[in-house]
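Take this structure first; my questions come after.
Note that the chains take the letters A, B, C and D in the order they are written out, and that residue 1 is the start of every chain.
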Amino acid sequence: MLSFESDYTTGAHPKVLERLLETNLDPQSGYGTDAYCESARGKIRAACGCPEADVWFLTGGTQTNAVAAAALLESWQGVVAAETGHVSAHEAGAIEHTGHKVLTLPQRGGKLCAAELEAYLAAFFADGNHDHMVFPGMVYISHPTEYGTLYTKDELIRLADVCRRYELPLYCDGARLACALASCDTDVTLPELALLCDVFTIGGTKCGALCGEALVFPRRRAPRQFLTIVKQNGALLAKGRLLGVQFDALFTDGLYEKLGAHAVGMAGRLKELLREKGLPFFLESSTNQQFVILENGFLERFQRGAAVSFWERFDEAHTVVRFATSWSTAPEDLERLSAWIDECRA
Amino acid sequence: MLSFESDYTTGAHPKVLERLLETNLDPQSGYGTDAYCESARGKIRAACGCPEADVWFLTGGTQTNAVAAAALLESWQGVVAAETGHVSAHEAGAIEHTGHKVLTLPQRGGKLCAAELEAYLAAFFADGNHDHMVFPGMVYISHPTEYGTLYTKDELIRLADVCRRYELPLYCDGARLACALASCDTDVTLPELALLCDVFTIGGTKCGALCGEALVFPRRRAPRQFLTIVKQNGALLAKGRLLGVQFDALFTDGLYEKLGAHAVGMAGRLKELLREKGLPFFLESSTNQQFVILENGFLERFQRGAAVSFWERFDEAHTVVRFATSWSTAPEDLERLSAWIDECRA
Amino acid sequence: MLSFESDYTTGAHPKVLERLLETNLDPQSGYGTDAYCESARGKIRAACGCPEADVWFLTGGTQTNAVAAAALLESWQGVVAAETGHVSAHEAGAIEHTGHKVLTLPQRGGKLCAAELEAYLAAFFADGNHDHMVFPGMVYISHPTEYGTLYTKDELIRLADVCRRYELPLYCDGARLACALASCDTDVTLPELALLCDVFTIGGTKCGALCGEALVFPRRRAPRQFLTIVKQNGALLAKGRLLGVQFDALFTDGLYEKLGAHAVGMAGRLKELLREKGLPFFLESSTNQQFVILENGFLERFQRGAAVSFWERFDEAHTVVRFATSWSTAPEDLERLSAWIDECRA
Amino acid sequence: MLSFESDYTTGAHPKVLERLLETNLDPQSGYGTDAYCESARGKIRAACGCPEADVWFLTGGTQTNAVAAAALLESWQGVVAAETGHVSAHEAGAIEHTGHKVLTLPQRGGKLCAAELEAYLAAFFADGNHDHMVFPGMVYISHPTEYGTLYTKDELIRLADVCRRYELPLYCDGARLACALASCDTDVTLPELALLCDVFTIGGTKCGALCGEALVFPRRRAPRQFLTIVKQNGALLAKGRLLGVQFDALFTDGLYEKLGAHAVGMAGRLKELLREKGLPFFLESSTNQQFVILENGFLERFQRGAAVSFWERFDEAHTVVRFATSWSTAPEDLERLSAWIDECRA
């Protein structure tokens, strides 16, 4: 069975596993106080160009988003996000579970538009009295977005500018950040992202780790007693080393960037292949997720030999599906895919 | 530095790591739907003698306790626990964070006493009207307890009997269950535990895994839409295989039992050693945690070369500390400890 | 100062106050167990034609909506509402504060459209797997809506039909129900509403009481231990009699209907007057709230002598405001308003 | 039927009702922005000797305690209270429902002991690391306590001193504050209470009002966006005037003090009567609640003609019951009680 259903179908990159093996018997204190977490923090600070950054490691993306929102928001505040933002649509209400509303704005290719954000904030804070409404308390974006699209540096600068004028932290969910950084269509580097965002995550799970997201506060400390908040949310790993060792490996010798480059490179070849086969794209993505419109009958046959993800219904006769590549996608996978598409059509 | 501070200072047992390596490139669907989780579920069902058991894998103990309580309780119910129960004292209020009260009863050697539980429940449901109070909705015990002590089969039978009469699920936190099963002082087997409890956990983190707890519903399905509940609590791992592979390894060829036996065996030798040195025990434990009363001056010197955990103040001049052994404690660690104690006294 | 800013600017109808005086010294048990609550329940059951109805009294609308949602929903479910629904927009996130998401659909004149509801539910339950999304758990409508508009009987029948097919309770917020029932443009009676909805409220605060909403479960008991849920949400009044006496008065000799008729009658005269003055309406409402578009300069002068509510910005130069009438609006208020509009224009 | 079951069995004092009648038709804005709330705030500031106090009005005691705790605590903090504190035992888990733990200390005659509080805080903040525990975030006391007992000025000074040293707000639940102030056994005045506590409530419901508690921040503003917090908790009354008018009446011409004096005076005569009849007291109370030990057979007969509250089981043959007096207890009630006790014994 060919697998393009997601970028978390295989385990960790061999160098990550190797480092887990090497360090396995070295005794370390728990809960993120170990030497590997400390080393990984240093390497992430260097990669971000933020020597003062406060870096935490959590296990998953939904968890990290919810814990950060809970810690950053006052009880009367919510998270502003695009209607397609992961926190809005696909986290089973984890944000609301912490008591906070997700305040949605329209998505533009999966992205928040700075002008629309500003118009919303201006109206909220200018007209009348909004004491009976949920106050915007932070702004959530994802880079790449849930549709594989990317913010340009200019778009980020404008979003950051709006956020700073309204004193709202700009939070960037980087679950697939390696792929954003590796895209040939981006002008945003990691230090630039760190400069423009107030909090962001560096995704491990979908970029070569077994699990783990780094939560980075580039210019300030995490909220007070953050470790207790993490614990209270069931998000504190006893063997924090598991996360530290993995991020230490990912941020050694540019491995994180290389894995992103590999996934994006494979996605480029995938795009070419799908284009050659005449399969129409739902939207243009320069990262590792590709959204394609398939005729329902073809899709049924296709799925018997290749796994892709259902995304949404396109019309009565067609469906949008997602193909994802990852650090472990091999050239042969694409060759086999090409043959299988032909076979499904024959 | 000698390390006896906890049973989560080292990584995973080599066989667990080996299995992670072997399976690393095999593509599998996410969120616990992979073949390794399925295989591990089958092995756990067999080990428990519960062919119908519903088995879930989560990453940590506090997380598992909180998610289970949230899923099992009505909003107007709380968890009954000993005042020293982990959910009561050491989870940063994770249960309350889900909106539920922990209703505490006195601890007897770290344990809940069936007669005291019954007296509390009888009074609650018999006298007057308790509509303004939190209703008991489940009973939490840990085995071994936070003090390393164990319930006897007879004690568990009596607790289970009280719970069934009041229709309250009996939940057992088995974070260190391998050590309980391996104690030479227990008459409780895993199938018996599964028979007497309505829900229980099999701890991986403290018994040879990098992370992971199995949550077992031995005779019924988990609450409806449990996967969504897990997701909503930020507890759903994308690469669920990480947990499945580890538990699959732990429940192959009796590895889980062997790791418990090793930790408990080392604890037995540790007890002997401490007794020979004339160090007084705070209480009698037959599992891998040993609680010892140390004079404060001695403790200060001792900690320069050996890590143990602060437990509680004993009196002005003495402190209770915990020594923990694990699957990775080696005989040489005990020899070095013996020498270090002598040196600290000299 | 003329007051049209809301329907809660004055106290209670004199007959309600009179009944509070008459019953003041009669000792009664607390928490809604008094004879007046019991009598009011009986009268409400009769007025609804629901002899089996379970009726509860709470103090305010937001409170009642939030307590009902918390009690009716599973943790993994949310409330479906129009984007302008009170629970969605103007309750400061009270629903999310109980941990539940508000799932919004477009508003059509303030109303939910049955066809759009069905399309959403059909897609949710048919396509793919939605375990990572919040499940729809109940459907919220308001009658009249936040824009003073009304559902027709046919619209309610279609909504109820969709809800029943998907086994979702249909909840109707009747904060201004007296005005809905009294409109000359409605074909929905109280017994019909009770037949079509699974839960609904009968608003007191905005219809002649000092405070109070009746929460009616027409054909079943409230969720188990509902009194404890109410208490836990801080919504249980010690002197429950305050609510019982008021609803008893409102449902004696058709007072509730009469107060609605008065408010709506005054609104009809207000509409005529505003139309004569050439002031444009934002939308057509046949109840006690009228939404009018005012030029900003005029509005500024106007507000010096008459209070109305800011609703929303219409365009750069105009604002939508709300005029509300109530049981206490007098014909002279309208005469004075007419004169004041003329004066502001002169 | 004689009624001594609680101090909320009758309505409001006639002067309170009178004021509701007088002000009924005067139009006022909603949500506590009316002139009566403003006037009541001024009178309360004067009575407390706190010209800068921020005063809010809510409807009930449990609601007020929960909203205040939610607003004052960080997510990782809990409320310290005596095990018999209302927030701990009789509010159906309302505090936990907001996500916070109640951290209990032993009760001494229903009171928190300053020395025990200090010992707990000293141990918490001194020994080891408590990042995995709930941090104390505020201290809750009630005056009078749930057992009718009172803190002395000296006890309050010592509690306040401990709280200030640990930077924890001292919160006093004054649900029955009028009775505390009127006791002949107290040396604590309202200005002194205001000086020693950081937040406190002045109970209306149990001291002459239909409903209502004043929440007083004597020396600072309520937490930011407190109105939104109140709304979010379903605790914001649309007709806030209902609370303002009542507190305005209660704080005019010393009415609040007089109602307390009446209730306490009647309780004094009740004590005498019960003592004469030879009925033993469970504890000594100088306020309006009296706790008496009755033989179960006598209690059964007695309750056929007189209502009292079940408090707790004393032993197999006896029960502790509570007699409460209020502003509306009349001398004839005591005469009838005396006769009824005799009749039950005959």
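Observations, loosely collected:
In this section, a contact is a pair of C-beta atoms (placed from the backbone, for glycine too) under 8 Å apart; a residue touches a chain by one contact, two chains touch by 3 or more.
Quantities reported herein were computed from a predicted structural model and do not represent experimental measurements.
Of the two chain pairs shown, B-C and C-D, the one joined by more C-beta contacts is C-D.
Seen from the Cα centre of chain C, the chain whose own Cα centre is farthest off is B.
With centres taken as mean Cα positions, chain C sits 42 Å from chain A.
In whole angstrom, the spacing between the mean C-alpha positions of chain B and chain C is 50.
For the pair chain C and chain D, the distance between C-alpha centroids works out to 33 Å.
With touch defined as above, residues shared between interfaces to two or more other chains in chain D number as follows: 75-76, 91-93, 97, 99, 131-132, 228-229, 231-232.
Those residues of chain B whose C-beta lies close enough to touch chain C in the complex are 70-71, 74-76, 99, 131-132, 135, 224-225, 227-229, 231-232. Taken together, the chain B residues at the contact with chain A in this complex read 1, 3, 5-6, 8-12, 14, 17, 20-21, 23-30, 59-64, 66-67, 91-94, 97, 205-206, 210-211, 228-229, 231-239, 241-242, 307, 328. Looking at the complex, you find that chain C touches chain A at residues 75-76, 78, 89-93, 96-97, 99-102, 123, 127-129, 131-134, 310, 312-313.
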